[in-house]
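Got some structures for you, see below.
In what follows, chain A forms one complex with chain B and a second complex with chain C.
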Partner chain A sequence: MLPLLRTPVATPHTLEEALSLLAEPGARILAGGTDILPNLKRGLGSPSTLVSLHAVDALRGVSVGDAGLSIGAGTTLTQVATSGDVKRMAPSLAEAAESVASPQIRNMATLGGNVCLDTRCRWVNQSDFWRGALGGCLKSAGMNPEASFAQAGVCHVVPGGKRCVAAISADTVPVLIALDATARVASASGTHRLPLAELYVNDGVQNLALEPGEMLLGVDVPTHAGARRERYVKWRVRGSIDFPLVSAALRFDLDAGALTQARLVVGVLGARPKQVAVQKVALGRPLDQALATELAELAHRQCKPLENVPYEAGHRRHMLRVLVRRAIEALADEA
Partner chain B sequence: MTSSDKWQLGGRHRKLGAMERMRGVARYTDDLRLPRMLHAKILRSPHAHARILSIDASRALGMPGVIAVITGSDMPTPYGVIPWTTDENALAIEKALYVGDGVACVAAESEELALRALKGIEVEYEVLPAYFDPEEALAAEETINPYARKGNLSKKVELEFGDVDAALHGAALVIEADYEFHGTTHGAIEPHCALAKVDADGLLTVWSATQVPHYLHRELAKVLETPARQIRVIQPPLGGAFGGKSEPFDLEFCVAKLSQITGRPVKLLYTREEVFYAHRGRHPMKMHYRVGFDASGKLLAVDAKTVLDGGAYSSFGLVTTYYSGQLLCAPYELGAYRFDSRRAYTNKPACGPKRGHGSVQPRFAMEVSLDKAAVELGIDPIDLRRKNAMGEDCLTVNELRVGSNGFLDCLAAVEEASGWKQRRAKLGFGHGLGVAGSTYISGTNYCIYPNDMPQAAVQITLDRSGRARIFSGASDIGQGSDTMLAVIAGEELGLPTEDIRVLSADTDLCPVDLGAYSSRITLMVGNACLEAARKLRKKVTQSVAKRWECSPKQVNLVAREAIDMHDPERRAPLVEAFQWAEADHGLLGEVGSYDTPKDRHGSYRGGAIGASPAYSFTAHVAEVKVDAETGEVGLVKIWCAHDCGTAISRGLVEGQIEGSCYMGAAEVVLESHGVNSEMGGLHHGPSLLDYRMPTTLDTPEIEALIVEAPDARGPHGAKEAGEGPLHSTIPAIVNAIYDAVGVRVDDLPVTPAKLVRALAAQAEKGGV
Partner chain C sequence: MNEPRETPPGARLLSFRLNGEDLSVATADHQTLLELLRYGLDRVGTKQGCDSGECGACTVLLDGRPVLACLTLAVQVEGRDVRTVEALAEREAAALLDAFDRHDAAQCGFCTPGVLMSAEALLMDKRRVVSQGEARAALSGNLCRCTGYTKILDAVVDASEKLVEAADRTREPAS
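Moving on, here comes the complex of A and B:
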């Protein structure tokens, strides 16, 4: 087995303590550990300290307020998936949380960890030895100071590419964007909020718009009083464990059978989720078979998966079209 | 005794050691810790093919906690599990032959220090052209393996039986196609691990997660230049093997050598990635088949041309190359048969034996060919197989002597259980049933190294506390061979399995056994055990008869009692009977041994390879649901009927059938050991995340059906059950996919993308 090299772990009990520890250069957050620990075993990162959040109770829990759901970053994916409030007010979020990995992993993994999940690429998520054999790449070269990689500026997915296209692979993120969620972010100097969609930038090396020392406190999902249909779909090869190979979150708000709002957010393309432009086609129309076909075509036209995660990009694109169409057909049947 | 008298045989038994495993207290190799133990790590080549110009370990040796570094020149004697193909060194000497080839090994005070020390070893390489395609390697001028005698041709076998060309010329139907098997690995959950220590008298003890302690013992003696009498090999409980631990590996030599050098115990545990590099998995094969039939569906001839992608070393490859042709000659009469198999060296992890060694790939090509013929001829695929079944006590076209044969019963069992006749025609588009059949060996008649000694031996002792000890060299790798021995001995001696201790796989304590491979243990070690147990039974029944003044023949030993069969009221506790016997005979110990028949194969060169004392037979029906739009194959159910001769322990036979079906099914739709030029010879994903073994959500329901056609050469008629039931899983599923959607994918695995492309091509032609 690959041993985890020794790294100091700090265990703060309050948010303030956690934020001050995180302000130290090179400090990283350890929440559920299901993403960072396998990555560290493979030499992806070399934090000076791991700031464990397991004793910071303030980060955990689902609450319901006037504005909607508020979910702490430290809430486990199992808690998100099984929460009655989440299932009632944001069923597609519960669906996405439940589709992550396996039950044991969901018992450990947190919503914050999933929102901040590192991007993935079949040329990066390998051992230090494996990446070293190829000389590294745009993303991996900077992640391990002990490795001396020859090809730090190379992209193996897009030859000649200068921007890393490692894929956002978090199941909950497309859903949260589709539901207009906002992120609560804190640092030692204060707290601010931003639309979740703005948390991501188009760079696979570091796709989070977080400054060093900043931490996600939680997400807020606004409520919707009227009729809404929503769903999360993902393609993966096995029925469990696997990361999504392509994914889509769908949300449709209806008034008297006509769409007043439509969102289609696609994951696992590049470093950030893609919002497919569907409003022009969808608004004012009923949720029906014809719309399902049209929106699936739109998604297919606007989304081009890359060879950054396993399985042929062409088939992943095909699967996106099928999954979107079938999801809307199913939602239309519900309506 | 008649079979109805059996009180243990054919029952269901708790596997020996099962509770230890369930409670998590079984001690696997990596659980062993010795005082002053060092940890070792191997530096591996990042190049697929490179000359090693220099190795400088001085910086590593200067690091605190680093005790020793060894390289290939410390162990220059080449080895190989097959004595004719010793083409491997413990660590690379002249060249590294694939990404992951071992180059140096470091021993340090902790695993972390050993890992860090690897970065302190400087290796200067000259990168050489690398070959990842077997046909390109065969055409190349550069020789990959420095010990190879015929360039990159690792082995070639060409054999013809009957006049194939004439038969095909006269055939009413010839099914000709190219098939491809992609290569898969074992995926044992326990990674390879070895621990060595040298005691004050110079005795070297190696604990290893191996399925062949005896071959490891021999090769250690050779490579370390240490007499075999000074080496002890112990196999602790194993967390799976499946053929992936059936020869020596670099780690075993390294810990032994480092222990000899440092005088301290040394342990090395592979990472999961290293397990993928050690590999020895199922060979990728490119197979061109021409199969001829007459108008009634009778098989006239098979012409098979196969290229095997061997990887960097021979491993068992000589045998694999033979098996790729030799094991195809049952359960059908082939008429005439020719095969031409060539195994190539490539710059990839070496291939070797995986459950169903060498014959799973050709079985896929053959059974799909039969399915195509059934469609062409308008014959039910089960009936086509029935028509060509060879029957019992016959000679195959390649002159292998087949004894018992339950194949027709297997076909009938899966036909009935799956509702084949009633359901198949009624299933709609996307829903299908497929059938396939196969055969496998129960061990090989000839040992890997030629000798006149028995292939298996067992020693049993009884003691006055009323229990038995069985000493056996056989490796229980999870298949339950220890339990099988306890059932056979218990049946004779009147002991339930819990009163029997099985001490196995320790070269100091146990008689030599060749190991857990080619499905040999039940037949061979079972026979040896039966002989020893019967000798002891005789002593015990004689002593009882003497006291009861009756014939020993009327004394039975059952359920901890001696019973007079003529007067069932007359009984004695078994413990007392053992004490009478010990008083009469002295210490109660007997040995049994077994050697294979040497007259059940052809006299031509190579005719002995593939010859077995007895053959198992299998039939599968698979039910699938295919999503024609996504190309996803849903495995609904698999029915597998397996003729194991006699089921010694039913639960264990069923377990082997189920495990085989899962493993085979995964090879059709999920698993792929991908090493090619796309990633420069790097494995595509050497991890259990990327090498997709099925989860419980991905596995079908399985119905295991035991068929019993006892063979005169097996203990109580028993044959193998561990490997045969894998073979026809694969073509049965592929044939079911055709039945569901009307297209064929002849190159495995059947990925969704391939299936969607095949369906699109079909639609373009206006078909379906």
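Moving on, here comes the complex of A and C:
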């Protein structure tokens, strides 16, 4: 049994209330609760207040405008996965949302929560007791500054490493980056937008480029003209629940059978997703078997998984090559 | 947690509907819905398994959708409709319970309340005969450590068939 610490919970009804509560030092957002609550039960983090967004209706919903899809951060993953608009305009996003954890978790977890999902590491996502026995690390000490760990400055994944390499494990993020999505971010002092790829920094302790008091309002996926093929693939052990152990989002825009745009974004390497440089090889060519093999090799060469999540890095790297090749072959067959 | 304790800081009055009954109860900010059900209201049908969102033993229906009570704070169900396994004993879920009985779908029985709630949500949503694949997907968040999945899936499909037959019978004109 894992009791929660006695953290006060605020339950705002409007966005303004939520933002002013979030401006308090140490306040954290509670959205679906499917990641933060297990983490808090295991002693990861010690917020001063949890600002629960369950009653903030303004954050929920999928809408379609001239510019494209707009999805509120509070929209559940079930709603994203089953929305007709998402399936039509961004099928790989629906596919990614559908692949997260279990039906119960998708009914609770939100898109904003997935986009802001904490990074994961085999040395961190353990019980308090386990981490304490180990002596801590960069991330567990970074999340609980008041706790004293014997090895607070140490990385167990990269010996001697001074920057945390805990892995971004959100399924929707590689897809949203591949689709050129933008994030809408608000604080008590105003709102701004930024490309989703710029929401992430290369630090596993805190990989979001958000200031304290800032909150994700939603994501916008731009509309596109012409033919597009897209897909999200991931490898994990238990298909029913596990986090991805390596993942890839693919997007190909075609004109008269030739590629005009190609994107390959890989997740679960380090603290942020990696965009594989595929344009030089892919543009102008048809989506076919030869390209599938070449891009899979390119992904294998450019992506080097670390021993930060379960299963051997070498095997995950191999599975990335297999997944990318199979995904492109399947997309080529669709054409 | 098993012993009664003083009203902790952050206590508040919570109103919600539990199995058709409107309740107002005291809860604490950090109390999960699961803790409130089991230790505050003595509704122990909902099981406490992993307590961290992996096993599905604590599945309840929140506004008709299966969610995990261990990762829902009690304060988050203010004004909402919660249904637990206790509700199934009283209504047309008889088909589901009967099918679980006939198929011997419970071994140790610890996962059964959660499995039943996921299955109930599937049958209420589809209202037709479901396939093995649909049952499998709907129950994918419920772990059975006895690994008795085959009989559970057979029972869910069987229950959906029985429900459809019963609905057809009531539609047939009386002769």
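The rule is simple: the second predicted complex is superposed on the first by the 333 of 335 C-alpha atoms of A that agree within 3 Å, B and C clash if a C-alpha of one lies under 4 Å from a C-alpha of the other, contacts with A are read in each partner's own complex, and residues count from 1 in each chain.
Definition applied: a contact is a pair of C-beta atoms (placed from the backbone, for glycine too) under 8 Å apart; a residue touches a chain by one contact, two chains touch by 3 or more.
For clarity, every value in this text was computed on a predicted model and none was experimentally measured.
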Query = Can A:His224 be said to touch chain B (first), chain C (second), both, or neither?
reply = neither
Query = Touching A:His300 in the superposition: chain B (first), chain C (second), both, neither?
reply = neither
Request  = Mind working out whether A:Leu2 is in touch with chain B, chain C, both or neither, as first, second, both or neither?
outcome  = both
Task = Identify the partner contact of A:His315: answer first if only chain B is touched, second if only chain C is, both if each is, neither if none is.
result = first
Request  = Figure out whether A:Lys87 sits in contact with chain B (first) or chain C (second), or with both, or with neither.
outcome  = neither
Query = Can A:Ser240 be said to touch chain B (first), chain C (second), both, or neither?
reply = both
Message = Output check: A:Gln104 vs chain B and chain C. Expected answer is one of first, second, both, neither. What do you get?
response = second
Query = What part of chain A is shared between its chain B contacts and its chain C contacts?
reply = 1-3, 5-6, 102, 239-241
Key: chain B - residues contacting chain A, complex   = 44, 46-47, 99, 111-112, 115, 119, 191, 269, 271-273, 629-631, 670, 679-680, 682-687, 689-690, 692, 694-698, 751-753, 756
Message = Which stretch or stretches of chain A touch chain C in the complex?
response = 1-9, 11, 30, 32-34, 37-38, 41-42, 50, 52, 54-55, 78, 101-105, 107-108, 239-241
Key: chain A contact footprint on chain C (complex, rising order)   = 1, 8-10, 28-32, 35, 48, 51-54, 56, 59, 62, 65-68, 70-73, 75-76, 78, 118, 137-138, 140-142
Key: chain B-touching residues of chain A, taken from the complex the two chains share   = 1-3, 5-6, 102, 122, 125-127, 129-130, 132-134, 146, 235, 237-243, 310-312, 314-315, 318-319, 322
